[in-house]
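I have a structure here, written as structure tokens, and I will follow up with some questions on it.
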């Protein structure tokens, strides 16, 4: 949890127990790539159960985020997350402010490398804020369905390294995203369609699963 | 050429050398049926080489014409043709006034049954009027391409009965209509398409062929 | 799949006119038999201005009846000229003694029926005709074929002649003004998707993905060429360049630009086209002194647009700017 | 096949706004960064009226900026709420000290972003919100879901609040007037063909021949049911009957009827719908005191329409009739 640990970590977060600024940046850049590559998939889900712009919204935001990320000095994870938050806040839509808030709360986390406990605390605050602003609970078929189980894993994590913890969180987020197939939406545009959009996965939840899964290669 | 001939003709024009009022009415009613049944075909030709309304225009006019025909007393061919002319004149479009004029000139023909010479004279005047108003010559890909050869047959006819003469005219009209396939239009909307509409038959010419062919069963 | 919203094909135009007249009952009256539309409050002591043609181009012409523009509009069935008897009745209704100027789009059917109407009234009414033939796509070196089609320049003619008539300009001058506008105008249209035939529910033609029709009119017909759709800016540039040449515009000339939606074109799309129209003209030192952007002369629900340029002079600008109060145009 | 006419998806909204502003340069100004639209000539000493939301609904909201209606419109990307920072900048630009009323269509994204903007300005500006939620199709007996969508009743709210603000009515009353209009309004929409996604060029859904979507909103989404298309009159009757019930209209009540095209619906089709709307209401002794027929709140190039009824009172009629001078509405 000190700069010293960070140094032994080769400065890129690929070996240590803690998430460094460089590690967070790599993670987020991998997320950008995943979303840009899969934008059409997300748009298609939003076309079936929304207004067909989610892939466009999130990939525009993250492309802007990538520019920001490339310019930062990798000091600590908070800075990387805040950079992405700013990009989302300049995006509008529903997902813009909600992801903006989520990453923004992460961006308000400790200004040093994060161990598993810091990770858990940061995601706990962030997810709680999204639930409050969106008035969304698990089962409402939104991004919250992936955020909440992933956050619970991180909060309760017994893993030693951030990578192990996030990898477990990714599995929980994926399961949460999958669970939205078969749900009748209570929030967001999919709720206008009632039973008609039941079988469609929520694109916001899928994006959250992609986010956690993007830590894999870091 | 007198009422007497008409009487021996059983009053329906099916036996005599002259076209009676009843015969003209049957002929025109058969034409109405042919056009109503084939309206979609004409519309399709006009869709490919015009604005897609010809089937509608001509069948609306002729349905109105049918109502008129049912009310007339079958005195002479002129009356029957004039009834159809009135229906066309209440139709608008390009074909409305042109067919209105054509049938109108026929309607100005002799007010007694018509022998072959009367037929030739009436169609001669009528077709000449359409050519003048439409500024259309043979080869311009319009109704005139069927009217002119049919009219020539009638004018030069050596046939004894009107039915024989019209049957020959029908063959000429059909050949004229077929000849419009392969023509680049110089009049009407098909001319806007130039080479692109070359292969499409002119629907107005096809309708004229149907008109002459409708005398067949009378 | 495509489909036209109506009750039955037979009553479409009649019912639409009823609905239209009720929605604008302060401005227009519909006369049912024969069918034509007039101002609610007739204006006498001025030249009457009348136009008409097939339906399916709304708001043209019925939407332009009112103070400062038309005295009457004579609608035919969809894409079908009105009859001479309709036109005659409309002239009789609005001619208050100063004569009538008919604005006729150049189509064989319209020319026939409007001309016959004028002839029928030759003994009792002075009727002058302005023939609108602005569509470059149908220009041909020919033996008296039908000539250029009449398309969106008709809006400029109706607005400018309407203002002149309202101002008390006599019939010959109103007619000549209209002819001057026609002579100074050119239009080109393109289509990205055909319109729906209200009778069959079918599109008037089919395009492959990425294709468009270049040089379309306003009756759902194909254009003069099928082309690949490129960027909006490139297409607009190619249209505007040809118009500039055809109208004979030079540096520091002043124009009216009409960027017209053909029916299903969205406001965003028209605005993108309007933007580039201005840029191309700016680049040649030509000033868009006035512009009109929107669906004014439609081709049912065709997806596409046309651009019209009219070279302006001070008097044309003055008549364009004069007040107008119609269902579709108000200022 | 279907396709959206533009240069590239990235610049669509920005270029369209440039084109729009140039075509109406006497009336509006576009502020590029952050993006919002204001009147060309700001009016001070009155409550500022502001609205906004995703683009793709033009002429809403940008076409309603001008005297007697909005002071500013804040457009987001297509179907995407603008950001809180855009809304904040627009409020700062138009609030001349009498406070700002924001007209917000009820969508999660809009509500979030407009509310955040108001909160950001809480210390320095008085900002009130009118939430428009008129779409009956999305009514649900629910636990605080997003609630009814905001659709075409927003035009009535903007016109009436705009006239009130222009007349010097203070902020709380302008807000309450807007809320009263919302409470007295209901809308239902249907679609015969989906709109084109400008990014993918695909339609937002596919229908079989003869099918339509009942209960659609303005974002290309399916409705609440797929139904067989019948006669126009039957469909309009079923829409109007439900609206009459929802608004609680009784014999001799007076209404504003908005027959709104969703983008690709032709004037003939809207006029047929307007005609039957009047007949159904006449049959129940309800008077269409005012009406508005046209594409005012579109869903890109969706083929379909919505009907809105607003129960009128004398003061609402007065504000509706007050002069307005905007790109899309003039009287």
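As written, the chains take the letters A, B, C and D, and residue 1 is the first residue of each chain.
Quick note on the criterion: contacts are C-beta pairs under 8 Å (C-beta built on N, C-alpha and C of every residue); 3 or more make two chains touch, one makes a residue touch a chain.
Everything numeric in this text was worked out from a predicted model, so none of it was measured.
With centres set at the average Cα position, the gap from chain C to chain D is 29 Å. Taking the mean of the C-alpha atoms as each chain's centre, chain B and chain D sit 55 Å apart. Here the spacing of chain A and chain B, counted between their Cα centres, is 76 Å. Centroid to centroid, with C-alpha atoms defining each point, chain B and chain C lie 34 Å apart. The set of chain C residues touching two or more other chains comprises 78.
Touching two or more other chains at once is no residue of chain B. If each chain is drawn as a node and touching chains are joined, the picture is a simple open line. Annotation, chain-chain contacts: A-D, B-C, C-D (touch as defined at the top). Chain contact summary for the complex, chain C toward chain D: residues 1-8, 12-13, 15-20, 22-23, 55-56, 58-59, 63, 78, 192-193, 198, 201, 206-212, 229, 231-233, 259, 263-276, 278, 291, 293, 298, 300-301, 303, 305, 330-331.
Residues 9-10, 54, 76-86, 107-109, 112-113, 116, 137-138, 140, 142-146, 149, 197, 199-200, 202, 204-205, 217, 219-222, 224 of chain D touch chain A in their complex. On chain B, the positions that touch chain C within their shared complex are 40, 43, 47, 50-53, 55-57, 60, 89-98, 133-135, 186-189, 191-194, 196.
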